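Which chain is which? They are A, B, C and D, in the order written, and residues in each are numbered from 1.
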Amino acid sequence: MNPDNFLYLSIILFAIGLIGIISRKNLFVIYMSIELMLSSVNLVLATFSRVHSEHDGAVIALLMIAVIAAEAAIFLALIVYLYKNTKTIDSEAFTQLSHKRGAK
Amino acid sequence: MSTLLLLVVFLPFLSALVLGLTYLFDTHKRVNEKFYTILGVAVPILVTILSFVIVLDLMSHSSTTVVTAVAFNWLSIDSFHIDLAFVADPLSAVMISFITFIGTLIHIYAAAYMSSDQGFGKFFSYFNLFLGSMLLLVLASNPIIMFIGWELVGLVSYLLIGFYNKEYENVTAANKAFIVNRVGDFGFIIGLGILFVAMGDNGFTFADIKENIYAIDNHTLTLVGIFLFIGAMGKSAQIPLYVWLPDAMAGPTPVSALIHAATMVTAGVYMVARFSFLYNEIPQVGEFIAIIGVSSALFAAIIASYQSDIKKILAYSTMSQLGYMFVAVGLGAYSAGIFHVFTHAFFKALLFMGAGAVIIALHHEQNIFKMGSLKKALPLVYITMFIATLAISGIPPFAGFFSKDAILNHAFMSEHYTIWVLGVITAFLTAFYMFRMLFIVFVADMKNNHIEHKALSKALTYPLIVLAIGATFAGFLGANEAYGGSDLFKSFISLNDINYSISHSTEYMLGFVNVLVSLLGVTLAYKYFRTSPQEPLPNKRVRTLIINKFYVDELYDRLFVQNLRSLSNFFNKTVDEKLIDGFINNVVHLNLYVASKFTSLQNGKIQHYSIYLLSGVSMMSLLLIYILEVR
Amino acid sequence: MIEDILLALPLAIVVLGAIVLMLISHFPTVSLKKYNLIAVFFLVCAFILKLTQLDDSNHIYLFEPLFNKMFVIDTFSNLFDLLFLAGAIVTLLINTHYFQERDYYNGEFFSLLLFSVFGMMMLSHANELVTAFISLEIASISVYILVGYNKNSLKSSEAMLTYIVLGALSSTFFILGTALIYGVVGSTFIGDIYSFIQNNPTKEITMLIVALMFIMVTILFKIGAVPFHSWVIDVYQGAPYPITMFMAATFKIAVFAIFLRLYLIDFTHFYDIFSKILQVVAVVTLIGGSWLAISQNNLKRMLAGSSIVHAGYLLIALSSIGLGAEFAAPAIVFYLMSYFLSAVGAFGILSFIAAQRRRRATFDDFKGFSQERPYLAAMMTIFMLSLAGFPSTIGFLAKFYIFLSAIESGQIFLAGLGITVAFISIYYYFKLIALMYFYPTDEEPKKFPFGISSSVIFLMALLTIWGGVGTGWIPFLPGVDTLVETAKEAINSISVKPY
Amino acid sequence: MQNLLSLIIFLPISAVVLMGLFQVSLKVLRVISLATSVLVFLLVSYLGLNFDPLQSMQFVEVLPWIESYGINYFVGVDAISYILLFLVSLFIPMLFVFIWDEDRKGFFYNLLLLQTGVMGTLLSLDLILFYLFWEMMLLPIFIMIGAYGYGLRQANAMKIIMMTVLGSMTMLFSILYLGYLFFEDNGFWSFSLFGLSSMSFSSDISIILAAGFLLAFSIKIPLVGFHTWMAPAYSSAPTPALVILSAIMAKLGIYGLWRFGFTLFEGPLSYYAPLTITLSIVGILFYAIHAIMEKDLKRMFAFSSASHLSLITLGLFSINIYSWSGSLYLVATHAISSAGIFLLIGMIGKRIKSIKISDLGGIATVAPKFAFFFAFFALSIAGIPGTGGFVAELLIIMGAFKYSFWVGVFAATTMISAILFIFWMLQRTIYGKVSQKVADGFYELSRVELLLLLPLMLLLVLTGIFPSFFISFFEPTLGMMLFQIGDIS
């Protein structure tokens, strides 16, 4: 099989994910973008698995999904917690830690 | 003999140490003046006796014998050996004999002059220290030790000029003296340095230098000669380094008499005579010395004619007489120069001590125009001062005539007619200003004279008499056969003089000219100042110029002092703060500025952080592409 | 098999401890102190066990029939395990005081910490990229949670947010790299990749290089190299002190554990390329880190900034590896040990003080500290000196090795820059010393607080000094030389190429 | 006494550690500090009695330290280092006596630490060991200036540390590179001075490496251009720090040039000689003129000592036995003079809480003994005959003339330069009218103070009157060093 198309697709997905992280302010969307990137990589893995005609890659993809899920759990919990405390999920609202000048 | 020689130098130092420590640690003033007087005067007397013994010993031998004494090895590096050693040859023996003799007299005089002064002990400590240093200078067997003495006398001179240190001006004068002297020493040490390099491994005593002088090329010798003479300029107050001498009169009068008239200031002349073998090789430098000497003599004489401070007049007169001496040594008449040093010591010390007596009598009044008709009040002082004035004016048969005559004759015979003419003019002026002073102080009737006179103690007056005898008869020691003498002085010190044969008739003729101009000066002074003083020169502008000493002090102040101070401020404010620190601070601030700009990227926004991250990835990718393509 | 079990036992003990702690954290009766003790107990057990195994287990694949060659046990990994365990132990001990002063700590905290240590240990053993990734994620995810553990503080949560978003973003690159490598090589074992490159010098090589670069991005992100540094300062500040300390001193070492292994094996053929990249990153990191550190007022942020600079020094050594510096890799290990000691000490004192003062530690808070607490101030001085690379501390020797390796590999410019940056760092470290000693204080002088925290800090200070001047003359006490030799042995154990 | 040098180096620091751990009271602290320093002084004197001037390096101790990099604990003493060693060991007990009434414990701890640092610097012959002590001695100075100083002490302490560390860093680079070159040549590492000096390397590299050392020492000395830390640091420093700074630490720059510069880089240093000699010449005059308008005594004498150190540097780079002997002699005598003068300035500060020249005046009237000592030490700095400074300056000038005529002439300017400000300063401080502050608070030297100053004065006078005795102590060593240099270049 020709893996090119699959790879193009994953590149597009990866890029969308990247752009999403950079351009969106909603934490959920940011999170979704990250998931998208990870999924695109999984697609790559699956593709290569087919190319090599063995199952290693697919297994790796499955493992990755587990890891991603773990991350998702924490991320979602965090978002919920943040929303509870600040009533917003705008990423720009959380800039307390920025560098403060003066105050010497 | 050599032990005696060591004693001559070390005794004054020792007594200075004892006196100084006693004074310093005697906080409750328990030690009374007698102790200081006895110790302070006894040592010079002892040293005088010792020096006479040495001189007599030298006289009893042939002229080439010298007495040497090595104390210890002072410095020894590689092949460079400097012993703390002393040589008494005729030249130095003569020097120490009159230095100690006059020094003793002035010590005695000072015991009276300084009595009941707070710093009596200190004064004698310094005085003895000076005597020791001067003897060290004179007796040194090598230029390095001589330089130590040279420096030490300068230091003691500084301490004594600033003796009354509560007065700010006195200390200023002391500083001026020391700094100007140091400028001279700067030249001196450069001379020594060049000489040192030129000598190589051949040793560095005067004897060694004399032996190897022919191995050194003339150019180097010229440099050495000039630089050494710069040292002499400073010490002996010649143009342009003379400015300190008049100010140095701020010290107590015995100090002026001993240091700034009789001994220290003649060190320069002595030094040139000591190096006579060197200066004989470089007559062009000798001429230069003579020109400086005669100009200083004339210049000082002009200024002296308009001074009103008795000590300043004497100071300028000293400078003028030193000029004569340099004319002599510059033109190769070393013994004539030293002879003038010798006679000058007597009459100038006498003049100063007389002036001191007057000052004491008038409760520290120094302005001659506030004195007048002291003849009756102070007859002894008047007579002795009169003798001294005659001596300095070159009236025969007083001491000054013979020495000055010898110098002027030499100038004439060596065909330096300009120098001779200037010398003669100076002789005229000398007679004029000295008698001016004498008349104003002792004879003229001043209306504003209401000061009570203080009685003078014997210690103040007896030394005057002794010196007056010296000022009268010392000249005969050096009288040449034309005047019925036998050149005793010259043949004894036996320096490498350049001799000219001179017929008796020329001799008499020149002597006559000298006496004539001197008498002219006396007459002029008599005319203007016998009764009531009036300055002879009508042109007011010229007079102001002269009274203000040609504004040389002001010029130096503007030229050196002010500039140095503003330079110092410039270094501090501009170079350090603006230039160097400014540069460093700018670098630091630039760094901090960039740092703060860079840090302000930390704005806490996740998007931005992601962009940094991704831009990092892009940069790395670009770099990778670049590297791979290159490969 | 039995031997394997024995070798795996430390790992097992740690994970067991984590699970035990998780279970008992449901019982409200257990006090915080006890949790702490239990956690330390498990860690110490693992530590001692590991210590006995340090040398006698060279290059063994753990449960090879079962896991293939996923886990390797060699001196290198053992040494790093020891460092992680020590890091965790020290973190817990130093912060006993801190935990008691804060109300939001409970058993789960310790459990998570142990999980994270477990992840790191796995990481140092990992001989395969996916294993490495999973271990890294175990460690990271635990740390994400720990960073945001202070639920009362929005800052803490915000730090967690920053860290998790950027961390996840960076991990995508790791997976991407892994995926690409899998695509090229058909395997993700480190050894396989090495032999693939060796056997196929030209085929698909560019893709492999790109893949390795992606992996490197993640690593650079984790160690906080510029321009992947942006999270460091914020997260360090937002995190609770114990976690800041843990991240700075321990987690960073863990990242180097995997990176060194990868770099020494898989990158071997591409040293000329990656050295150049690393050089550029090192330059940027050194300069940028200094700029960051120099303009901070908050001590924690300053230390965070300086940790970026320290990463820069490590990058110098990394690039030296590729250019033929013989001792560059051991220098990295030694540097990590040195940084561990000094950073743990410095953060320890910060947390010790923060435990009582309950406010952010700015520079100004340290005014007159030497009069208030002379001994702590002296120790803080020692740590600052060590971080600044002042001689007679371990920090100096660490920098000494790094610079020497840079010179050895001909990177004169980097060595010069490193020294310049060390010079700049003197400024911000000495600023603290100056504040401690040069100003008066209103506080009463306090006695030396004898206790676990302070004694551990004291021990760290002693080690910092000993590491700088220690000699081998005193019996039973390892000198500096021993440390260096250990580092060399560790590196040698991975340099023995598999296959 | 096999480990005499180690004992000398580590006695003070062990006292610090022990006293620090047991938190001794102020009284005990004083006594033990003084006792320790006196003990060190006795040990150093004992060392001096067993010292053989005809040998170069003695009492050598070598112990492995970091074997993998060939770094050894390598110490030894020769005439050059012994002179400074002796002076440090003499000054420190004196300083303890001087600060006897001080109630800030840090003074005592820091002085002892400083002693270890300085002595280690003087004695170490391994470059890394040297660097260690070189940096170590900065810390106590930093803390003493910053914590116990005056004026803008914090900023000035930062300034001194940053400037000196800048130099140290370049030196570190050179040390590392030297070590690497040695490794490249021989296949094993060594940082020992003699190991490295036996190496021959290309002149281009050596010129760059020499610059690293030169910068470090130039900042320490400081030569013109690197001096802006000096005046602030001096003016802020408390007396003990000041004495050590001017009398010892500045000389360590010279010492470093001597020990490391000329042993390792004889070729490159003659390459730099025109530059350094120019800087020294500029320095002699620049600093002296700078000092004229300074308003406080510490700053003034800071510039004064910088001027003299420039002269010493000039002598050092004139590379002949006369200038070297003179330089080393001036190192010693100037150390004594400046210790004396700064002690006296400290005493002025103790009495009237000000060292501004404008606040002073007429001390000679109020306290003649004090004035005498003050004038003596000030004049000894100006190099009056009868003090060692005169001999030293004379020798340097002679040596400079050997090197070149113009250098000699400029060296001779030191005759004038020092007196420009010293005499005016004396005029305004000890002479003249008694100022208000002096009249209010000034008192005569106490017995203890007298006891501190007398030995210094005695040393100065003895060095001035019997120089050959002292010079014979170090002349053979210098001769040997010059011979070696001549051998190679």
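In the analysis below, contacts are C-beta pairs under 8 Å (C-beta built on N, C-alpha and C of every residue); 3 or more make two chains touch, one makes a residue touch a chain.
It should be emphasised that the depicted structure is a prediction, and the values quoted were computed from it without experimental measurement.
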Query raised in the report: If you take the chains that touch chain A and keep only those that also touch chain D, what is left?
Result: B, C
Query raised in the report: Looking at B-C and A-B, which one has the bigger number of contacting C-beta pairs?
Result: B-C
Report task. List the centre-to-centre spacing of chain B and chain C in whole Å, with centres computed as mean CA coordinates. Result -> 78
Report summary line: chain A to chain B, mean C-alpha position gap in Å, rounds to 95
Report task. Let me have the rounded angstrom distance from the C-alpha centre of chain A over to the C-alpha centre of chain C, please. Result -> 26
Report task. Starting from the mean Cα coordinates of chain B and chain D, work out the distance between those two points in Å. Result -> 37
Report summary line: Residues in chain D with touches to at least two other chains are numbered none
Requested in this report: Provide the list of chain C residues touching at least two other chains, using ranges where the numbers run on.
Outcome: 158, 161-162, 165, 169, 233-234, 295-296
Report summary line: Listed in rising order, chain B residues that touch 2 or more other chains are 596, 599, 602, 604, 606, 610
Query raised in the report: If you go through all the chains, which pairs of them touch?
Result: A-B, A-C, B-C, B-D, C-D
Query raised in the report: Quick one: in the complex, what on chain D touches chain B?
Result: 225, 227-228, 231, 286, 289-294, 321-322, 325, 362, 364-365, 368-369, 372, 379, 384-386, 390-391, 394-395, 397-398, 400-402, 405, 408-409, 412-413, 415-416, 419-420, 423-424, 426-427, 430-433, 444, 466-468, 471-472, 475, 479
Query - Interface residues, chain C side, partner chain B - complex - result: 158, 161-162, 165-166, 169-170, 173, 206, 209-210, 213, 216-217, 220-221, 226-231, 233-234, 272-273, 276-277, 280-281, 288, 290-292, 294-296, 424
Report summary line: chain D contacts chain C in the complex at 20, 63-69, 73, 106, 128, 131-132, 134-136, 139, 142-143, 146-147, 153-154, 157-158, 161-162, 165-166, 169-170, 172-173, 176-177, 179-180, 183
**Report entry** Complex contacts: residues of chain B adjacent to chain C
**Finding:** 591-592, 594-596, 598-599, 601-602, 604, 606, 608-610, 612-613, 615-617, 619-621, 623-624, 627-628, 631
Query - Of all residues in chain A, those that touch chain B in their complex - result: 18, 21-23, 25, 30, 91-92, 94-99, 101
